[in-house]
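Take a look at the structure below.
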Amino acid sequence: MPLLQTVVEEIATEMRSRLDRGEVASYIPELARANPAAFGLEVIDADGEVALGGDAETAFSIQSVSKVFTFTLALGMVGERLWKRVGREPSGSPFNSIVQLERERGIPRNPFINAGAIAVTDVILSGHQPREALGEILRFLRFLADDPDIHIDKAVAASEQRTGFRNIALANYMKSYGVLDNPVEHTLGVYFHHCAIAMSCRQLAMAGRFLAHGGRNPSTGLSVVPPGRARRINAVMLTCGHYDGSGEFAYRVGLPGKSGVGGGILAIAPGRASIAAWSPGLDASGNSHLGRIALEALTKRMGWSIFGP
Amino acid sequence: MPLLQTVVEEIATEMRSRLDRGEVASYIPELARANPAAFGLEVIDADGEVALGGDAETAFSIQSVSKVFTFTLALGMVGERLWKRVGREPSGSPFNSIVQLERERGIPRNPFINAGAIAVTDVILSGHQPREALGEILRFLRFLADDPDIHIDKAVAASEQRTGFRNIALANYMKSYGVLDNPVEHTLGVYFHHCAIAMSCRQLAMAGRFLAHGGRNPSTGLSVVPPGRARRINAVMLTCGHYDGSGEFAYRVGLPGKSGVGGGILAIAPGRASIAAWSPGLDASGNSHLGRIALEALTKRMGWSIFGP
Amino acid sequence: MPLLQTVVEEIATEMRSRLDRGEVASYIPELARANPAAFGLEVIDADGEVALGGDAETAFSIQSVSKVFTFTLALGMVGERLWKRVGREPSGSPFNSIVQLERERGIPRNPFINAGAIAVTDVILSGHQPREALGEILRFLRFLADDPDIHIDKAVAASEQRTGFRNIALANYMKSYGVLDNPVEHTLGVYFHHCAIAMSCRQLAMAGRFLAHGGRNPSTGLSVVPPGRARRINAVMLTCGHYDGSGEFAYRVGLPGKSGVGGGILAIAPGRASIAAWSPGLDASGNSHLGRIALEALTKRMGWSIFGP
Amino acid sequence: MPLLQTVVEEIATEMRSRLDRGEVASYIPELARANPAAFGLEVIDADGEVALGGDAETAFSIQSVSKVFTFTLALGMVGERLWKRVGREPSGSPFNSIVQLERERGIPRNPFINAGAIAVTDVILSGHQPREALGEILRFLRFLADDPDIHIDKAVAASEQRTGFRNIALANYMKSYGVLDNPVEHTLGVYFHHCAIAMSCRQLAMAGRFLAHGGRNPSTGLSVVPPGRARRINAVMLTCGHYDGSGEFAYRVGLPGKSGVGGGILAIAPGRASIAAWSPGLDASGNSHLGRIALEALTKRMGWSIFGP
């Protein structure tokens, strides 16, 4: 059995035996029902070799991990002009803070905090109906993962929409500064739905491969973005991908990554592998507790940290 | 002529011809006198090959670049206990902001903003006289750079001390929360003096080599820190090394780096090279304008970004 | 002619001749159309003597002046329990700041900033339909002013509702903390409509009489609130009635007062008079420029400051 | 026995029997030693009639109550130009907050928070030695109180100076913005010493009489400030005199007042009386717990609220 598969299986076994699991998100019933004992890990290396462990084939709510893909789409649509709508600095604040927006006149700090991802969604929406924009996002994910079986969990989307007062506040606040072009309900509708996409670790790791390999899928050879853009997306993931736990993730794991409140993390080992981890229990910063620990163990054992041998 | 030397020389030539140079720091006369047309670049690769361009042998005030070395020293003295005194998250604020300190009860966000570096200096000072602590810092730098000719510019230190009201405010504010152990004047005395150390690009790139090579100097084989610590120092440099321009530096350059208001930047290409750039003109975030542009050109042409091919 | 009438007329004449008029609010077309040259002043003393000057009989959009009356109504409904929903400290922030809400977990600083007035409206609404709550507010104002001819300007309300993104943000933000009980659209619907009530200086001064005379109308003898409550409402008007210009208004005018972005100000000289001033041009804090100057002149000439002879 | 004396004695008796006393300030040993059971109250009416209760003749550390008198002195020296150095809006923040200073570039919100009082002290100091400025402040207080027996408690001043890191931070922070003219140590030296003045309720009530009577002492007829200035000082006391408990004090007591961390409060009933209360236990906002309750009882029973009958 190759080394990578051994490492992944050992990590999955170890994670499943741990008793510290963090707290499952409970703000909507659909997320609260997630099994706190679940753990999945999938790694796809440069040659397309797949190593998987635990519940790597179980679909979960990707939530904010979707922001990597909407960010990629928006860059494809408007290029560097995107930076007029959103910054690219770490926020030093929780994911849903509104304070920073007031200080910076409605411009969110980066595309990965909620406000920034809403602004990015507004860019994607421009000139489309919500249904069309969502279709485009889904098609993009299915293409990247090479898997037509990726769907939106409508119950999750409906719950988020019903209880997402903080996000409604963020969007209206940005609208008051003219940062959003579309009707607030349209933008939020698309945002709540793309956060409600369900994917497995397998699908997520597949979808992230282009970021590990200069913007193209090394198996098909198809180019998604130019190499420079892939590097830059990774850079934003590294500095901003884990809210106010981004420094911690860089310090411990040493890979660009993006987490979601459903417990998923997509991590990229540039030139080496695309990685997806999932465990629903969260730490105090809202990032997957065991997901982060598993990724720390993986990079350590594989020597994959971008910060040195 | 090897590729690296060609690239470095071309970049130095191009930088010297540019008219956009940023603004030289003017808050003390000693820094204001720096030649805005100066530019230096030095790269030392894994084999110890040196490539230099421009004013790479001219000494300048390293200012906050010194914080990489005091941070390394403090980690060596107290290990992970350092994190009780200082965080490791990006601040999302200017280098000398005091707001964050109030919100977080005197604990600075990271070791590279001024407040954090003062807290780190306080750790180094513990149980020493200021003179002894400064001696230790200097000895460490001379050892790393393998060069006894590294000194403190006393006029710079005296000017900083005379006009450093903001830093005095930060230190007293932390003292009010019990974050500093030593008398405020002692801690600040050491801080102002280590920021006033003068080094050339050559010396700085030499001193940074251990960070590029798993904690040891690949020429002498001497180990400075364990490999994991070198990676972690690089991670903090990447997320926090350029104040509220850290995201920008990661996005454009793609290397861990630490800047100083004297116009110097130390950057690390893990496994590949230690790099020092210097140009006194600063951008709006207080980082060397041409230094950053030169490093962007260098990583692009050498393919050294940590974020991918 | 009695002194008061002379003073009021002189002030009205002087105000109409001034060239510094501030800026008319322009965020909705209905307010932007207000005549910048308009000025009205009405004073009703303890004996019911009326002195009026300028456009004292012209109806204008009372906007935030309505908050005095909704605050009074809510205190009547839930008494001191109101203070679980809203504070009574000056905010030190602009009228529509959201920063303070984040620091204090959704509890607005006082009933006169927008967030606080929305929370107060939510209290009034409890157990009612929006239409009923609005009916109650209107009936209360007509009773106080002893004038059935007080109406809501529906065009103003519709415009506010269409463009009030900041207020929608504030309301949803509070809802996310559980500070609002009713559906956000209901609470905001009532809020936007009571801000759109149109009244003249005459009607406003009549409606405010109970605050000047221990909670009762001295002409009819009818009691509106107990004396202690009237004093306390005045106290909140004094400390919080002019947003982050409240200290300035106390310093210059020396009376409790509440301003609105339509250019109206209700001011109370306790034991002496109820006063309404109106001029649409606003100062930098969003308070009527000439209204404040007129009130300063009036208190000075009448010796009515609550801060001494 | 006249009504006022009866009321004052009853209140003193009631206060001494209460078990809720707040927390005595403990940041320096000299204040921590204060007797938590102490309570004093003194009222001097327009005719010079004196009513006293409890420990009205015991000297205590007036602390921030001194800021009323330094503010008066500074207005006398530079008039309305004082407002270039300090604002006059309530701060909405604790007494020693530094956050507001960063937002407003070193200009303190008002003369009664610590930063503002330090700026006011700097104005008084201009062109003097610290010893001279302190002499002037002491002479002014002795003149106002008509009592030469008012002194600085040197042990208190020394303790404050030794442990006042937060105030040192505030002063250096303002200095970094150029808001202070004098050497920081000089300004802080005078500030720490005037806060350490010890006075009794009797002396304090005497010293405040001019504020109750249009700027002059009604017994001697001597004018201290013009009537308009007395009103304005009262206005600033009302809106800013109790830090972030100013709204609460206005709401409950209804008089301009200034508190100190030593437990003293000076309150002014314009046209009626000057009042001093003292009890060392503090509430959460740092204001005398029983002092405030006693003043609330006094204004209620005497009908002295400035907000109405």
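Note that the chains take the letters A, B, C and D in the order they are written out, and that residue 1 is the start of every chain.
What we mean here is this: contacts are C-beta pairs under 8 Å (C-beta built on N, C-alpha and C of every residue); 3 or more make two chains touch, one makes a residue touch a chain.
Computed from a prediction, not measured in an experiment: that's the story for all the values here.
Undergrad: Count of steps on the shortest touching-chain route from chain B to chain C?
TA: Shortest path length, in steps: 2.
Undergrad: Considering only chains that satisfy the touch condition with chain A, which of them also satisfy it with chain D?
TA: B, C
Undergrad: Would you mind telling me which chain pair, A-C or C-D, is linked by more contacting C-beta pairs?
TA: The comparison resolves to C-D.
Undergrad: Among the chains, which has its CA centre at the largest distance from chain D's?
TA: Between chain D and the rest, the longest centre separation is with A.
Undergrad: Taking each chain's centre as the mean of its CA atoms, how far is chain C from chain D in angstrom?
TA: 32
Undergrad: How many Å are there between the centre of chain A and the centre of chain C, using C-alpha atoms for each centre?
TA: Going by mean C-alpha positions, chain A sits 47 Å from chain C.
Undergrad: Touching at least two other chains at once: which residues of chain C meet that condition?
TA: Within chain C, no residue touches at least two other chains.
Undergrad: Can you work out from the touch definition every pair of chains that touches here?
TA: Those chain pairs which touch are A-B, A-C, B-D, C-D.
Undergrad: In the complex, go through chain A and note every residue touching chain C.
TA: For chain A paired with chain C, touching residues are 97-99, 101-103, 165-166, 168-173, 175-176, 184.
Undergrad: Using the touch definition up top, name the residues of chain D that touch chain C in the complex.
TA: Interface residues on chain D, with respect to chain C: 87-93, 100, 109-110, 211-214, 227-228, 230-232, 234-236, 238-240, 244-248, 250-251, 254, 256, 268, 270-271, 300, 305-309.
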